[in-house]
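Below are structures written as structure tokens.
One chain, chain A, appears in both complexes that follow, with chain B as partner in the first and chain C in the second.
For the complex of A and B:
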């Protein structure tokens, strides 16, 4: 169970200064979300992380008030969060450098906004989007504009990138993620807590376990529930298998981009085997249905020793191919110095997950704010790198795969020693209030803020690592030629569904 | 060891499907069926769901189950395989494991199905086949994400790994709609993707086939309704083949593609 967050109440005028002050004092800006109230007011909450805790700074905008002084001028990583608030709530952060639509590019004459948090039924609105091509921002002669997407070549999620470059100059990249916006946050508000976990599993389908976990941990914090130890161990097994699959996916895309056909076949074969192991353990290739509020749905459906055998073979195969990959100069040359995120840029943005660790940031939620069974297992975060390039991020991912295997083995060992009986989940009573849940998802810190009222979900806000990291994406293009795009994207490991919501 | 040799080290890992059944594919929970009435033991405790009332229809988070005077029908096109009905009323609902769940008629996703005349089934299949006759040798697939959760893309991409290796069957993925025969669409159909989906469809030469991959693409699943979604993609482009699943497994996707191009051995056609 996670400790309750401390909440500092401030006025909308004070918000930017207080958040900036705390960031200057060493805390990390971890998010900014709004919640509409039924009386027409709007609550804005900033999340600040420091070692061991995640705290809230909160300001309320009175009914009818639709402006507040923007945080972004003082705390630049807030830029996308304030664009999102502008889109979903129609509230203007005054002084924001660019309020380009991020999630709902509706025609200016359309005034309805989703305003998640209100219990008023959604008016039967269907927002139509103005999806005219992005016009170039950089004017001048010799400008090349290279649009890419939203329908991409290959099997990709839909997203649009626009690369603008003056010949040899440093290209400028803009991304548009609204194509996949599904209105998830509003949808959460229509569901009960047990259905909520099913939706959480579908916010970012390739990290379904992480999302279910963060959602459930937020509820469990509210209900002061300590999930059974054995349930915590099963959660670790599935969360770490998900990480292995996700990291293999990122590595596979890099090998594909480099035209390493055999390596690509090998890595995707390993990934398929991980997916199969997951389905043998729970009946679902993405671990859906495993994590439920109060614990897990049941025991692993394959015996521990059988799972261990499969796991060993898998680990041997992956380790061996990973070693060969890191010994293939023609491949490594494509990644070295490609997509560099400087440690300074990573630190000032608060880059998450493997992207952060590849640029010198050591934070890993599993050790900084341990949750579930991680505190029982000897978890050591990966060594960071200062290189900040695609190669560093790949090395971090390969190291993390090794760590994940280690954690899974430990968790399986511990499970083998558990008593045969005892509950897998505890009953959840209806909960009230605001709870936070966090996990180290494959791509980095994932946070859920869950506000429950009379057993229903008033507001569920998720912040995926991809949402935070994508805003840093353009900075990785400094000086790189456009053919490096595929490596930069794959090494960021972005999931668009989690960004677009 | 050189990569070329590494590629050979495990011999053949490719599935024998569709010529032979696949041990893994046939064990996978792929759909839910309804058992006959009369065998239903007393229902277990109901979860805290958003549904109202009692009975199986309030149990299902996506409204896939309808009950009418004791007659129960389940729409696989809406089912997200959460397993709640199977767990709560095991005498009435069961998981099926055959991956061959793709259909060419939306109504066939409702089980137990209406009894359909043979002529009706034959007619639908003949119509589809006449449109895809030109594609018999090889088929070029254009994938398009119309608002998926991302897991569908993993399963579609898996078709290219050495286990499924669909190129052995003459199935190729293409970037250009102008070279595509089959449009494979994932996701619920968002406001943002409506235009790109329509444009891509229109850019494809005829004859063209559209495959809705996954429950979200068929009905919107748990994602719909919202202010930016449609209840699946069929209100944007005409759909020929429906592959349910959340997400559909690579085997089910392959079954759907083969069904679409009339390449299935008779045993695999329901």
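For the complex of A and C:
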């Protein structure tokens, strides 16, 4: 169980200064989001991460007030968050350098905004989308824009990258994610706490367990519930298998980008085996339905010695192929010095997950703010790298796969020693208030802020690592050319559904 | 030596024989393309633990035919922005060189048909090698024009990459072919093959000291845009490369040309370096053995192409150019000097060889020193940049989105 978050109340005018001061004092800016209230006011909350805790700085905008001094000029990583607030609430952060639509590209003349948090029922609104092509940002002879997506070969989600280029160099890149926006945050507000987990699992397919886990942990924090030990272990098994599958996917996409047919086939085969193992253990290839508020739905549905055998074979196969892959010089040449995120840029942005660890940021929520059974299993974070290139990120992922296997084995061992008849989940009482849940998802730190009132969800805000890291994506193109695009994209390993919400 | 078929003038028999040779070569080439595509798909699936095509015909051997028929009946699209004439012309320009180059490849020995001495190859022009070089340059036009005439960005970028790549590697290819010409004293492919016939060790690969063959093989692979040099079609970043906008029959023609080129170039490798149809024969059906030897050697190279495709990752564009300009061209140039010097005399040859080694290693040292310098410089520059513009770059650019 996580301690209740400490909340500092400030005025909207003080908000930017206070957040900037705390970031300057060594805290990491971890998110910014708004909640609409029924009386017409709006609450803006900033999340600041310290070693061991996550704090909230909160400011309330009175009804009718739709402007506040922007944080972005003082804390650049807030740029996308303030654009999101502008899109969803129609509130203008004054002084923000660019308020291009991010999630809801409504026409400037349209004033309707989703404003998640209010309890009014969903309504049918006809939206006028602003679909005009973006003007190019860089001018010069021979410069043109190549659109990648929203439907393009090799891309797996609906996202549009606009690459401005002379032919090979990429001086500027923009991404438009709104094609994928599904209005998840509004939908949460219409659900009860038990149903919320079903929606959380569907935010990001590649991180279904992580989302469910973060959501449930936020609720459990609110209800002051200690999840049964065995349920915590089952959660670890599923979360780590999800990480293995997601990391293998990233590696597979790099080999595919390099046209390495055999390596691609082998790694995707390993990934498929991981998915089948997950399906054996819970009946769903993405681990949906496993994590529920208060525990897990039930025991692992395959005997743990059988799972251990499969795991051992998998681990051997993956280790062998990873070694062969990391011994292929011409493949490594594609990754080395490709998509460099300098440690300075990563630190100033607060890059999350493997992207951050590849650029020297050692933060891993599993050890910094341990949750669930991780402290029990003696988790040690993988070593970081200072190189910041695609190769560093791949090495980090391969190391994390090894760590994950280790954790799964330990968790299965512990589960084998558990008493046969104990509860798998504890009953949840109706909860009230604001709870935070965090998880190290495969893409990085995932945070859920859950605000509940009388057994119903008032506001659920999920902040996936993909959202935070995608803002950093264009910066990785420093010295790289068009052919590196696929490697940079795959090595970031982002999920657009997590970004668009 | 001129073609013996015309030694006694051109009569009706000679004309018929040439016509038959043309038809047979065309037919065999088309059928073998069909088989080559099937072979490639089957072998690569085996390497990837897959089954591959297995529906049409025994072991899926008719899959290519089925695909071809399907493509034939697909809608033929012509982009609005396209240059109509050039757009239609380009696929034929791609196919033609592949067909024509094959005509000069000796596929078998010499036989006598109706009192005519017939070389088993469509034509044996005295300038065979020049013909080969000329036609392989024509295929650059096909790629270039296809990309340019499509009136779209992806094909244009693909074709610019492709033509730069093909032109770069043509130099190394030409230099290695020049070595073959130097040792065989002839531009005629038949003479080149005959001069290798004495024994196994007379094959050019051994006579030229092994090295030219790998150089040639790499250059040809790049010339063909085959993996790992298939940047022009690197699906990820350029959608489909220079033939993105092509559909139906015209796309099929490009596809056909690609595989026909692979077959033709495998055959050219066999001709130039591996003695062509040379190999031990038996006393019955004498004419058959050389053909089998030639076919067997060609299939081996086809297999190697598939193997390479499965095993090697695609190069990055600048790495590709570096390989071409900084490795292949200097190496083949030096080796050409060595080969030429050995023609003059052994002492000269050894002198140039060791001179090359000494000068080469000195140059290499210089390159290493330069690289170390550059790395230091770049590191300090990167450090400065990281410190300075971390703020600038994290803020969305003045009017920018991200």
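Assume the second predicted complex is superposed on the first by the 492 of 501 C-alpha atoms of A that agree within 3 Å, B and C clash if a C-alpha of one lies under 4 Å from a C-alpha of the other, contacts with A are read in each partner's own complex, and residues count from 1 in each chain.
Just so we're on the same page, a residue touches a chain if its C-beta (ideal position, glycine included) is under 8 Å from a C-beta of that chain, and two chains touch if they have at least 3 such contacts.
Fair warning: this is a prediction, and the values are worked out from it, not measured in the lab.
When the two structures are aligned on the shared chain, A:289 is found in touch with chain B, with no touch to chain C.
Residue contacts after overlaying the shared chain place A:406 against neither chain B nor chain C. By the touch criterion defined above, A:128 reaches chain B but does not reach chain C. Of the two partner chains placed by the overlay, only chain C lies in contact with A:259; chain B stays clear of it. Contacts of A:229 after superposition on the shared chain: neither chain B nor chain C is touched.
When the two complexes are overlaid on their common chain A, residue A:336 makes contact with neither chain B nor chain C. Look at A:484: by the touch rule set out above, it reaches chain C but stays clear of chain B. Once chain A of one complex is fitted onto chain A of the other, the partner contacts of A:50 are absent, as it touches neither chain B nor chain C. In the overlay built on the shared chain, the residue A:144 is in contact with chain C alone; chain B does not reach it. On chain A, the surface touched by chain B in one complex and the surface touched by chain C in the other have residues 153-154, 260, 262-263, 265-266, 269, 328 in common. Chain C meets chain A in the complex at residues 44, 47-50, 153-154, 157, 160, 227-228, 230-231, 234-240, 309-319, 382, 385-387, 390-391, 393-402. Contact residues of chain A toward chain C in the complex are 72-73, 76-77, 79-80, 97-98, 100, 134, 137, 144, 146, 152-154, 167-168, 172-175, 255-266, 269, 328, 330-331, 333-334, 340, 342-345, 347-349, 471, 473-475, 481-486. On the side of chain B, the complex with chain A involves touching residues 1, 3-4, 6-7, 10, 13, 24, 28-29, 47-51, 61, 80-83, 95, 143-158, 160-163, 173, 175-176, 187-188, 190-196, 200, 216, 221-223, 225-229, 246-247, 249. Against chain B, the residues of chain A that register as touching in their complex are 104, 112, 114, 122, 125-129, 131, 150-151, 153-158, 178-184, 186-187, 190-195, 198-199, 202-206, 208, 249, 260, 262-263, 265-266, 268-269, 271-272, 275-276, 279, 283-286, 288-289, 297, 321, 324, 328, 428, 430, 455-456, 495-498.
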